[in-house]
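Look at the two complexes coming up: chain A is in both, with chain B in one and chain C in the other.
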Partner chain A sequence: MASSKASRLGEDRRTRMDKVNAELVVLTYGTIVAQLCKDFDSDYVEVNKQLDKMGYNIGMRLIEDYLAKSNTVRRCSSFRETAEMIAKVGFKIFLNITPAITNWTSDGKQFSLVFDENPFADFVELPDDGRAQDELWYSNIMCGVLRGALEMVQMQVEAHFVSDVLRGNDTTEMRISLIRYIDDELPPEDD
Partner chain B sequence: MATAIPSIACIGVIGRNNNPLHTSIFPSYDPSTNSYRPVRTPLQFSLILSSTLDVFELRSRQNAAAGVGLTGDFGLLHAVDDRLAAYGFETNTGTRFVVIVDMRGRRIDGTVAAGLADGRDSKRIAGAAAGLREGEMRPVFKAMQTAYIRLMQNPFFEPDEHSPPAGHGGKKITSRKFAGDMRRIGENWMPGVTNL
Partner chain C sequence: MSYYFAIIGTQDNPLFEYEFGTSKQGGDGQARFSEQARHLNQFVLHSSLDIVEEVQWTNGQLYLKVIDKFFNNYISCFMTGGNVKFLLLHQPTATAAGATRNSTSVGANPTSPQTEEAIKNFFNEVYENYIKAIMSPFHKVNMEIRSPVFRQRVAAAGRKYL
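Up next is the complex of A and B:
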């Protein structure tokens, strides 16, 4: 089945990991978020936006690496398959986690990724100012990464977190919706 | 018959500017009222914690002169009275952990003690009643250090606010996770526990 093949693919790639210490990455990301909060005077909505933008820039570059590392040879035949590849290969390669895919809408255009672990948030406790708990999406960079990466392979998506254990929710859940497949033939729209 | 065994009465974390970072107080068993309540007031505990600072300084000076023990367990700092005793640990960065142990802080039922005496725990309970063995506090400090490291890893925690590198003073630790860890350590420790 496609799903088990995807898991194997992720597992294979993982054993070939390069060397960088996980704590270093986690601390680096944490410092970025904390610094953004300081720079924007705890305007968490703006911080979320910035994180998403940074993620977008990462995603656009990361997709090449992903395609090379995962030996992808063909397009995903459906958005469902895309979801499988994101969760079981993409997240496995880069974060060594496999979020669960759930809550599909009937039209197959929206799904949720549920993270039972989030390496970015390992040591984090959100600031106790009464707003961070309601406004800051600590791992928002991941939304941007997915948006950027998928856009490079002709999929326009919208991604956002709907719950986070850091905020006291039971699960960490990201909602991803396919807006449209970007047609190759069309010239890029002017914004 | 009931046996009294040691328990933690108070945990203190002191910054490198001799500023209090965190204090947790735990109730001890009071046989006269058959209830649990702290054996000292918060102020008295605070004074005991302050009084350990001199011992820390003395010990670290001695250690420096002898060229040993830059970091780690300082062992028994001072025995306050026949019930309370303060144990200490200092990290390389000058943060100090103090644990005040109440030698009769917890009561275990006579039947439980007798039952344990038959089993593998007999030595443990016998040792517990007699006092504390060398190294008994090690798991406590290990757990406290782990909790402290986790606290420092939190990107929203500002070490400089709590122990300014120059000058003195500093804010207290407000992290709920850290307070919870201290609570867990204080409530779960008893002689013989090796993992917290």
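Up next is the complex of A and C:
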């Protein structure tokens, strides 16, 4: 019930948004990744880190845009609901995809997003230097975005990719784990 | 019928090459070039680049059909909008060239409309896949195409049309 509501909400908000040519996005993002690979001399571990950092900075600001556009001022009642909103509203609005939510752990703190399609990865073939296939997470910026966005709504999460079709895996899967809800912390007292 | 296909960059530098044989008329898709001919093929193919320059402005088409002939080697050319050349050397097997009864079959008669059409289809399919290959962010202009996926797709196009 809540799930289909979220889908409708995502679809509805998306149609109201201005859209941009998908190839522009693909090429721009591709250029960023390729340039990072060049700048860091194909140190893919570092490239992953940089992408995550870029995403984090995007996410911290994007959450405001998301809240404004989705008109959901209400807090999610559970992490499960958060997951629904991320997949069915967030991804729908910004990338027009709806990743599937699977593999919940029993404590409800970890889940996977499985991407049937990844708009960033069109045309992409990882460099065939024998390392990129094992080290580079091409779409790692998304992990950062989620981490940044959720942090701004008092959720500290850890997100990373566990498989990617670009690497030859069957699916593209991102694992997200809730570390803790961030309590409003009082500023250190002025003595 | 044996084929040697090459993509030549804007600086007349080779980007990709692939050898295959016909899959029509019970062909097994294997090239039947002699060891000597294989080296000669590259030479013959590149020497026709001069002809490409001569004919490329004569009509507005991307597909230039057979532009050059060297003994039993025919060179078909397709120019992309970005001045990258697709060249296909086709060499009818001696028996096929001599036999007139199946002259309409693709391969037996390299300048027949059927053959031209088949090669055109082949080029068009390769062109589509070429665009996808060069759209990869890790690809640079005039860089050798190493993608195994692209090679597979060229092979598939060869099997399908030639």
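In this text, the second predicted complex is superposed on the first by the 183 of 191 C-alpha atoms of A that agree within 3 Å, B and C clash if a C-alpha of one lies under 4 Å from a C-alpha of the other, contacts with A are read in each partner's own complex, and residues count from 1 in each chain.
As a working rule, a residue touches a chain if its C-beta (ideal position, glycine included) is under 8 Å from a C-beta of that chain, and two chains touch if they have at least 3 such contacts.
From a predicted model like this one, the values you see are computed outputs, not experimental measurements.
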| item | value |
| --- | --- |
| Superposed partners chain B and chain C on chain A - clash or fit | clash |
| Contacts of A:P127 with chain B and chain C, given as first, second, both or neither | both |
| Contacts of A:A34 with chain B and chain C, given as first, second, both or neither | both |
| Which of chain B and chain C A:D116 touches, first, second, both or neither | neither |
| Shared chain A surface residues [contacts with chain B and with chain C] | 23, 26-27, 29-31, 33-34, 37, 122-128 |
| Chain C-facing residues of chain A, complex | 23, 26-27, 29-31, 33-34, 37, 122-128 |
| In the complex with chain A, residue positions of chain C that touch it | 132-133, 135-138, 146-149 |
| Chain A contact footprint on chain B (complex, rising order) | 150, 153-157, 174-177 |
| Complex contacts: residues of chain A adjacent to chain B | 23, 26-27, 29-31, 33-34, 37, 122-128 |
